[in-house]
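The following blocks contain the structures, represented as structure tokens.
One chain, subunit A, appears in both complexes that follow, with subunit B as partner in the first and subunit C in the second.
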Partner chain A sequence: MALDRRSLLKGAALTAAAATVGTAPAGARERRAAPADAVGLLYDTTRCIGCKACVVACKEANNMPPDTDGYGGGLYDAPEALNETTRNVIQLYQGEDETSFVKRQCMHCVDPGCVGACMLGALQKREYGIVTWDGSRCIGCRYCQVACPFNVPKFEWSKKAPKIVKCELCVHRLREGKEPACSEVCPRQAVIFGTRAELLAEAHRRLAGHPDRYVPKVYGEHELGGTQCLYLSHVPFEKLGFRFQHDEPVPEVQQTVQHGIYQGFAAPLALYAVLGAVMFRNRRNGAGETGPDSPDS
Partner chain B sequence: MHTTAQAQPVGGRLMTPLYKLLLALGGLGIALIVWRFAAGLGAATNLSDGYPWGLWIAYDVVTGTAIACGGYAVALIVYVLNKGRYHPLVRSAVLASALGYSVAGLSILIDVGRPWHVWKVPLFFWEWNLNSALLEVALCIMAYVFVLWIELSPAFLERWKVSGRPGLRRFAERTQPWLDRALIWILALGILLPTMHQSSLGSLMLLSGPRLHALWNTPILPLLFLVSCLAMGYAIVVFESTLGGAFFRRSHDTAMLVSLERVAAWGSLLFVALRLGDLALRGRFGLALQGDLKSVLFWIENALVLAPFLLVFGRARRYDARRLFSGALLVILGGALYRFDTYLVAFDPGPGWSYFPSAAETLITLGLVALEGVVYIALVTRFPILAGAPSAAPAR
Partner chain C sequence: MPSSLVPIGLPPPAGGMNRRDFLRICTMAAAAVGLSGTAAAKIAEAVAQGRKPSVIWLSFQECTGCTESLLRTSHPALDELILDLVSLDYHEALMAPSGHLAERAREQAMRENDGKYILVVEGAIPTKDGGIYCKIGGRTALDLVTEAAQHAGAIISIGSCASFGGIPAADPDPTGAKGAPQVLEGKTVVTLPGCPANPYIFLGVALQYATFGTLPALDDLGRPLFAYGRTIHEHCPRRPHFDAGRFAVQFGDEGHRQGWCLYKLGCKGPQTYASCSVLHFGDVVNAWPIGIGHPCFGCTEQKLAFRVPLHDTAEIERPMPPDTYPAVAVEREGVSPVATGVAGLVGGALLGAGMMASRKLGLWPENGAESAGGAASAGKE
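What follows is the complex of A and B.
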């Protein structure tokens, strides 16, 4: 009769064989270190006065159109958040008894989710560890947006030929020997540019010098595998919109699982060979349980 | 190559009122697709930087290809377990799968913002990011669409061999031996590819990492998607056979469908057991008991897929076609809800974002489903795809 237990078990065993490779990953993937030439920004909430000079400078340096949808009834370029015309923004946090500005731009993760997502490597960590976008390899699938824990990559929804918009740390200016526009114009050195190592040392120097002033950590030193843009704050980071405080980089679980299944592509090839062999044998021996009509293949 | 004696063109009149309705819906969908390209994604959809993926991904691609796993599920039984008696189900299941996967591929072209670069994905192999689960899904789906149509091609060749046009006849006769030799390796691909990409559709959302609710975010997500797509695959064959049987007035072997539904039921049980066991092992079971929206959805998914157990394992009820049909439908709905939840509801981009599909998104999806119906009916009318003796004159 139909599907007896034995054949079902056989099928289950085959399916399981195909699947178990996935459940028995070959050990977690190694944590990555920042590239040797990694540069970044250090932003310090205690120094920022919210003048937004960096927002204006960023737009100018990157030829971004104004965003007049925000405050000011269409008169001002006043973006409220990162969006398809804004790669850098200053936001205000107002709590019950504390207030802070917070700067947002791409964090340039050491182990970025967006880079793990991107099919043809349009988004990659290129020179200085900066995550840049190469439009010639992008099909606009937006998986990078699904993968970014900081909601950074933006998509030009209003365009017919949309691009991905994000901070590229003014890499075009770095090539000319300049620093990023945002850090260059900052009147209070609330955001400074440097190598990741220099910035970390400076951050820890400030923490040690004024332990009373700061939340005792440098956000981005370890969080989500580490980022090249680092933050010091007098307000708990959760309140500033940094939702995640754990160290595990976004791609870790997925790549551990996927590499477990696809290591050297051996498992799929083996499964293919087994399937082919089983079917070949079936065809040679003739189908089991056939009625008068034998299957046509 | 032998012929499947039972598969025959259904024949009959094509332009029924239902068919015209499907055509109209399909036409509207196509018009809106044209408009989407003219107006851009921002105007046509409710997608945003917070919810970059919406109905087209959650339904057309992720759910649609799972519903299109009937061909995969039946192929496993017929070609791997060598159960020849299920062969009459193969062609209609493969046709439905081919249509489902073709629509998924088309939907991706509509959904992506820069479709003029899509051709680079299969060709620029030196730029492949082998870490990208989406790359694997994309390549597998592209390949599987071809595999499915080739799997179905014996139905076309059979018809063309007796065609009035000598050109078609010659083509069919020449292709046949070549196809015969290659078919086993194509059929093996037809099992390998869905095993790979259906599990990878689960892996995909692992990359949303901390933004995916912990009830759905588990390292065994690929295994859950694989088991669930197989349960849905068997259920959809029961569903389609019952529906097609009623619609085209064909008899079908109820005992065979009962067996398939039992596989779907066992698969569903395995799915739920894996989910609960995984939650318990990871110490997150408490999340399922919180009584919030997410935990309620979690239990609805599980209850829906477990329904056929109650419906087909009572001895007296076993052969009741209506229960069989409802059981299959519930497994499909449960699997669909699981996928919608994983891709949309359990995905939390943070405060201030919301998503509900726009009218255009919905009508385009509806139109594409209608077009699947249009092509399905047209093909089974003309080509030997459906098996089973006509139980009455075809009176649609």
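What follows is the complex of A and C.
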């Protein structure tokens, strides 16, 4: 028994050592730049009047059924947030003395967490840098949902053959030479469509022109490695539900952790060492218990 | 502008109308059907050249409500309509002759305008027992409408009864009443359902046919899209109340008096394709059900009118966002260390209890037995 105990402790120590080694950064991952053809949206909270024309247009353009489960007892298409039938939604922030609408849709990150998490490449940045979902490669693991810092990809829980539902920037309309439905229909140009470079320039032009009107940053220029959908706001971004303000893209963290754990195959080796010790212990004990000379047999 | 009614067969009132009035009427008629200003000029030209469309108006199982509403148009007024814009050659309620003279007028008009006249059907056509439940001059409605349709240039069924049976076809439908499109299968019938149909829709269709020889774009039920392309709900003056969730729930309650949405009183607006909310009846503003505080009863829809109870609520075919907003998602509260500890204790206690229970059931090797066995084998060695 003493030996077992010792080996067990040894294994535990080895595992701990491996874990410590594992947390050390395993080589810096290169910060990515937006693709040359990157397109996106620029949403400006000071221009949005909350008419929800974009919500209606999005549903029509993407042929999505209404979500009548929420407010109003089935009379309205009233999604609370992005969900399996809603790729775009307008939410309201109501603070003490300031209010703001905020539009939610996929941010089309420059280095997306969902793409980093997707093990078979169902989610990838494809034409125009738009993150699209390829059903033929999806196994339904929903890692993308966990990995997304904006809580965007949704899973069709109500379907027998569920898909991942998210904004794909109306790529089917772009192919026809049209712009996304939401920006096309917006009556106040609160959301506009363009290349990422154009939108960034326009955002900075607005910031420079009315520094009193905005929080002095373009959300998505650097945040989480940059996004193709950009935001201007008169309310701090944290209050609009943008939880992360740091610049590291999600895949950097993912890779650091995973490459760290598997560096030199240390963690698996440690695990198998512990398992081996347990088996060894069991064999020693088992020889006494179930031996042919046991009085029970 | 002449305003007094003149029966058919009498000469127009002395002086008639001046050119400006006449052009104005034609413009109004064109505007009613959504045609351009140049179309108005063409209508005027056609009418001035004497190419007034011959109209034969057959009335069957009906209440004459559609004619009554036509009498109350003011741009153009009925006298202008029947004297200057169309040639109303047969209309039982409006024509001066009666009996054999009237029937002769119909036959003559059909002969003279063979293939060109506009046949208007008002009222349902009974088909049961050979159609004997509606006869004019000894001939059944079925017979009359079939004959008139054979030589007509265009067929318009005005009102819900002529379009799909309407009230006569409502349960229990003792006469087997049918609309003109069902009786005249294979022919293009422009249906103008409504109880009554808005007369301006009729004028627009009739004048477009008279001037251009064409019919407006129709939906799958033969209804002109310019008038029946959208639901009442889409243009309802009370729509903001619907979007804001403000409903009258009882006639005369606070909401009803405030002019709130009538959906919960059974309004069929969300399922009813018609232009009532934008094209007023008889030029009286708000003279339509919702305008006077009554739910729309879906008179233009075969699936609703006279079939679905008046105060049953309708399906919302295309739900739209309400006038409310979801809040920015609130951050989920994290789990406190204490809660985690408590949960762990509870889980451990459950596990322990399970183990103890299984031990009592004899599913777990007894410590005592194990050590006894070990001692025995050791002794044997």
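The criterion applied here is as follows: the second predicted complex is superposed on the first by the 229 of 297 C-alpha atoms of A that agree within 3 Å, B and C clash if a C-alpha of one lies under 4 Å from a C-alpha of the other, contacts with A are read in each partner's own complex, and residues count from 1 in each chain.
Following the convention adopted for this analysis, contacts are C-beta pairs under 8 Å (C-beta built on N, C-alpha and C of every residue); 3 or more make two chains touch, one makes a residue touch a chain.
No experiment lies behind these values; they were computed from the predicted model shown.
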Partner chain in contact with A:137 - subunit B first, subunit C second, else both or neither = first
Request  = Tell me which partner A:272 touches in the superposition: subunit B (first), subunit C (second), both or neither.
outcome  = first
Task = Classify the contacts of A:120 with the two partner chains as first (subunit B alone), second (subunit C alone), both, or neither.
result = first
Query = Which holds for A:243: it touches subunit B only (first), subunit C only (second), both, or neither?
reply = both
Ask   = Looking at subunit A, does subunit C or subunit B touch more of its residues?
value = B
Task = State whether A:258 touches subunit B only (first), subunit C only (second), both chains, or neither.
result = first
Message = After the superposition on A, what does A:72 contact: first (subunit B), second (subunit C), both or neither?
response = second
Request  = Examine A:151 and indicate which partner it touches, taking first as subunit B and second as subunit C; both and neither are also allowed.
outcome  = both
Inquiry  = After overlaying the two complexes on chain A, where does the subunit B footprint on subunit A coincide with the subunit C footprint?
reply    = 151, 241, 243, 288-289, 291, 293-296
Key: Contact footprint of subunit A on subunit B as seen in their complex   = 1-6, 37-43, 47-50, 52-53, 76-85, 87-88, 90, 108, 111-115, 117-118, 120-121, 124, 127-136, 138, 154, 180, 183-185, 187-189, 191-192, 195-196, 199-200, 203-211, 219-223, 226-227, 230, 255-256, 258-260, 262-263, 266, 347, 349-350
Query = Which of the residues in subunit A end up touching subunit B in this complex?
reply = 1-3, 7-8, 10-11, 14-15, 18-19, 22-23, 25, 83-84, 113, 115-121, 135-143, 145-147, 149, 151, 153-162, 241, 243-244, 246, 248, 250-251, 253-258, 261-262, 268, 271-272, 275-276, 278-280, 282-283, 285, 287-297
Request  = Over in the complex, which subunit A residues touch subunit C? Could you list them?
outcome  = 50, 52, 55-56, 66, 68, 70-72, 74-81, 89-94, 101-102, 151, 239-241, 243, 288-289, 291, 293-296
Request  = Could you pull out which subunit C residues touch subunit A in their complex?
outcome  = 242-243, 245, 263, 316, 318-322, 324-329, 331, 370, 373-374, 376-377, 380-381
